[in-house]
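Read from first to last, the chains carry the letters A, B, C and D; within each, the first residue is number 1.
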Amino acid sequence: MIRVDPRLCIGCLSCSNVCPSQNILRTETAEERRIRWKRCREECDLCVELCPTEALTLVPIDESAPEPEVSFPLAGCRICGRRYAPEPMLRRVEAALPKSQTSEWVWDCPACRRRAEAERTTAETVAARRRRRV
Amino acid sequence: MAFYVDITRCIGCRSCEVACERVHGGRGHVQVHFVEDSASVPLFCHHCEEASCAAACFSGALFKEDTRTAFDVEKCTGCGLCSLACPFGVVWTDKIAHKCDLCDGRPEPTCVATCPADALSTDLDHLSRRARSRGARAAAQGGRR
Amino acid sequence: MRSFVFPEFEIIRDEERCGSCRGCERQCALGTHAYDPVADRLVSDDRKCAGCQRCVIFCPQKAIVVRPSPSFYRPNASWSREKIEDLKRQAETGGVLLTGCGSDKPFRIYWDHILLNASQVTNPSIDPLREPMELRTFLGRKPEMLEISREGKEVEIKTELYPNLTVETPILFSAMSFGAISYNAFKSLATAACRSGTYFNTGEGGLPREMRGEFGRCAIVQVASGRFGIDAEYLNVAQAVEIKVGQGAKPGIGGHLPGEKVSAAVAETRMIPQGTDAISPAPHHDIYSIEDLSTLITALKEATNYEKPISVKIAAVHNFAAIASGIVRAGADIIAIDGLRGGTGAAPKAIRDNVGIPTELAISSLDRRLREEGIRNRSSIIAAGGFRSSSDVIKAIALGADAVYIGSAALIAMGCTLCQKCYTGNCNWGICTQNPRLSGRLNVEIASQRLSNLISAWSHEIREMLGGMGINALESLRGNRDHLRGVGLYEWELDVLGIKGAGE
Amino acid sequence: MDRKRRSRRELYTKEICACSIFGAMNREGDRFTGEGVMKAIASMRVRGNGLGGGFAAYGIYPDHRDLYAFHLMFTGPTDPARRAAKQELEAFLARKFDVYFDEEIPTDDSVFVRDPPLLWRYFVLPRKEGEDAEMTEEEYIVREIMAVNSKIENAYVFSSGKNMGCFKGVAYPEEIGEYFMLDRLYRGHTWTVHGRFPTNTQAWWGGAHPFGLLDTTVVHNGEVSSYGTNRWYLEMYGYACTLQTDTEVIAYAADLLMRRQKLPIEIVAKILAPPIWAAIDRMDEKEKRLMTALRMTYGPLLMNGPFAVIIGETGRMIGLTDRIRLRPLTAATRGEIFYISSEEASIRLISPHLDRVWTPRGGEPVIAEMKGYEKGSEESYEKGSEKSYERIC
């Protein structure tokens, strides 16, 4: 079975994605993301191998140990307010970005980023068309 | 290699979206975004020089290869860090990351080949030549450039 | 060049069951399985499959079957498929065919032709669940006799005793070096040996520094022809030193650890530059004769202050019994003999399958030879090569071995499926590889648990069989051929084994 | 199959048997006839089946006390074969020994015994010549006996001590006693007896017990499962095991340990029937070290399987059972007489009022010694007393 270090886990769901046996359950509501590792008897190690933070360890099965579970509140978008990602993930992304870049946009949701990008690139055209219309 | 979009020519037909989805098993990488009702813009992966998605990727699935940001589907775990790291919000994750691969293996990205308005190109020169000729034509007609 | 060889295996995927979870794709380091995102299904390339069965075991839907490819050449008693394909491979590569694990050729397995005795009426069998049943064994030189002085009730031993290894069960882990096997596999062996009161052998790869404190007390360290990883601390931290002269899978040739497997940790332990090939020469270049061996034995005894038994490991070849007797006279405290079916990480196939003699015959003739010369108690015999079960072990002991080395059996306990691709370094089970992604699959805690379970299971079975024979201490079975009978063996084979035929 | 081939394959046949054993010693050294012990062993008739019985008697040849008494048995299918064996043996003896006196062993032919061999006794001293001069007499005799037993066909030395003798054959022990007229002709201070129950029918005279080498004799009830191991260890020390019995290996082991290696009997008992490791691990350091050294060095001499033995020597009698005590043994004293027997009833039969009766624990020897007994370094024994050793350090 799997032992989880909740201090390291960022809630990215890699483990759940790669688990062939679907032993890592995810529950996502508008407010929070919850992950539960079932007491799995497989020793396939894929989740351990593919955890970005090495938060998981394969340990011998122990029937008495509780099933590990972690939950993360989702961070809200600065612009639209929609909750879109667990905060530890965003912090990790922020830390990983090249130093030359600004990083506050990380706290915008992808939809808002797309809208911003679209508005930026079309600003000139839109303005011109407005003028023409006027 | 990257995409260049001539926004003025985009007619918002979403052919690029459809073409991309067709090639990538129903999971496209292009999204045509409408700004009010006055403009449309296809949003693509920019294959950024300093790709923040590749920087955030822990498994090595995203990496810079020459000028493009390549994606190795074998290594992807679908963690979603790349989609959170894309400043343009064009990478998305659904058990696995979906990101433009420039239609690897085809002579030309499908979206470029498909665009009926000739708004897309992978060749910057093509666009700039066209812009120059448009300018020249306008000048010849005595109009403003 | 296009390969004319059939794929060895055929992969059958039950599309109904397959949930496209891609577990198989991630499990296979050889790239056999691939995900086709357009069709949302998995596809397999039979050619890449080594038959290790990793994907089969870990497919949560049990959707995969890997079986030998049914393709065939025209049946030909002389040209078997294996011979044809080996030849084709050589025509394609122009090189020596390498292989791993012990020989899989159908030489007679004598264990399966030997039967054990049991008590009836005249001699009560002993119930190992209720009575003590002793497997403790000492390995090393024993004195001819004990001289004892008595002062009233005070008894003193005047004879100086030789250093001996004490094992709680006569099963030791064979030499498998860090480098040939992964760090995790190596550590699992060490952990299990310490936990089970037995020993593991470091092989020729040295003992990583951080393991010395904890695992030195159950280590036998090896000095082989490449002299990798040897320093004074290495010799002294262990409980015994083994000089490796030969290996059952490749008698007469050396070893070759390819540079790709020499990772930073391996390089540090072996004391060689990272990424360089670690080549063990065929002979020890300071042993060209028995007197040179004697010198090395003495040198190692000096280096370890005469506190450790010195073992010499040789491959069982035609005249080995005479040689072994010379080795005992040269001062070896333990003789390890490795028979025909001994394993390897990499060996030329031609050598593995054609050189040596079976372990069973080797044990018997070595034991007899040493007894005839009256030097049997000057040296213990550890037999190696092809032990598959507790009954093999107990038969070996009845033939005259003091203990056995298990290699393949230990690896199988950890997950090995004997796919024989050890030499590629891409072991999907994380055993025979230095790829951190693959070796990480082998969990030390779980693997060592499997190993100590194996040792405990075999020990229990040995106790059961001993009790059935009415014997409650293993030393009373050693060399006790009276408890063995042969079936289906020729007269000469019974002669060499020194046992009667069944019913005789 | 020729002999060489047999030995290469070690195709030995081991006889399996269960038995009654009995021993009596007068610790004052007064001699008595074999009548009592014959009566005692007869009472344990059900423990035997008439396929073997024998006696060892100490102190029976006071007139030849300084000569080695060799009892010889010439077997063989026909009388001429036996005579031929005798001739060969005598030629051998003439080369190696000075024979002072020889005679046929007197027997009472009115007692029916099956297929008796030709029995002869020789009183000899060794004649050591050349390089053999360096050897001790005992070494020399052991070597030559091994040679006779393994090389001269149909001739077996079955008794070879000074002032003692073994008498044995295929019959119930009391019949053997009558056949050899032990109740009339001989008086000894120590007697050990054996009644045999072999499971195979091919009993032969040489295979009967007791088995003796020099003045050490062994009567034994049991089956040694470690026979093969014990045998190879002893063969390494030059003992040729030819009689195919467990008793033989016990006798040789006793000879090796007590005579050649001069180990005291308590130590020998700890070698033949050592304590279990669990017990050793609980001992104090010194004792643990000793026991570990013993088991390490003499592991192959551990007698595994059920047994009870009485080892007789001139002036000493030792009873010992295996370490988990699978066969019975009872010891008793009455005045200066010391008894060891398979069954208490047989002792009570000849001596109803006993001073003390006890059952020794598994693996712990009971030792009876004659007054004034001195041998080797064992002066420290309390003279003429019996002991059951709890611990020996």
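Some observations on this one:
Just so it is clear, a contact is a pair of C-beta atoms (placed from the backbone, for glycine too) under 8 Å apart; a residue touches a chain by one contact, two chains touch by 3 or more.
Worth saying up front: this structure is predicted, and the values here are computed from it rather than measured.
Relative to subunit D, the most remote chain by averaged C-alpha coordinates is B.
Centres computed as Cα averages put subunit C at a distance of 46 Å from subunit D. In this assembly, the C-alpha centroid of subunit A lies 87 Å from the C-alpha centroid of subunit D. Once the centre of each chain is set as its mean CA position, subunit A and subunit B turn out to be 24 Å apart. Subunit A has residues 18, 50 in contact with two or more other chains. Touching of two or more other chains is recorded for residues 96 of subunit B. For subunit D, residues touching at least two other chains: there are none.
Of all possible chain pairings, those that touch are A-B, A-C, B-C, C-D. Residues 5, 8-12, 14, 16-18, 199, 222-223, 225-230, 232-233, 235-237, 260-261, 263-264, 267, 274, 276-278, 289-290, 293-300, 302-306, 323-324, 326, 377, 380, 392-393 of subunit D are the ones that touch subunit C when the two sit in their complex. On subunit C, the positions that touch subunit B within their shared complex are 25, 34-35, 37-40.
Against subunit D, in their complex, subunit C makes its touches with residues 119, 121-124, 126, 131-132, 134, 136, 138, 142-143, 145-148, 150, 152-155, 157, 159, 161, 164, 371, 374, 376-377, 398, 469-473, 475-483, 494-495, 498-500, 504. Per the touch definition, subunit B reaches subunit A in the complex via residues 5, 7-8, 31, 33-36, 38-41, 43, 50, 52, 55-56, 58-59, 77-81, 83-90, 92, 95-96. Note for the complex: subunit B touches subunit C at residues 24-25, 27, 73-74, 96.
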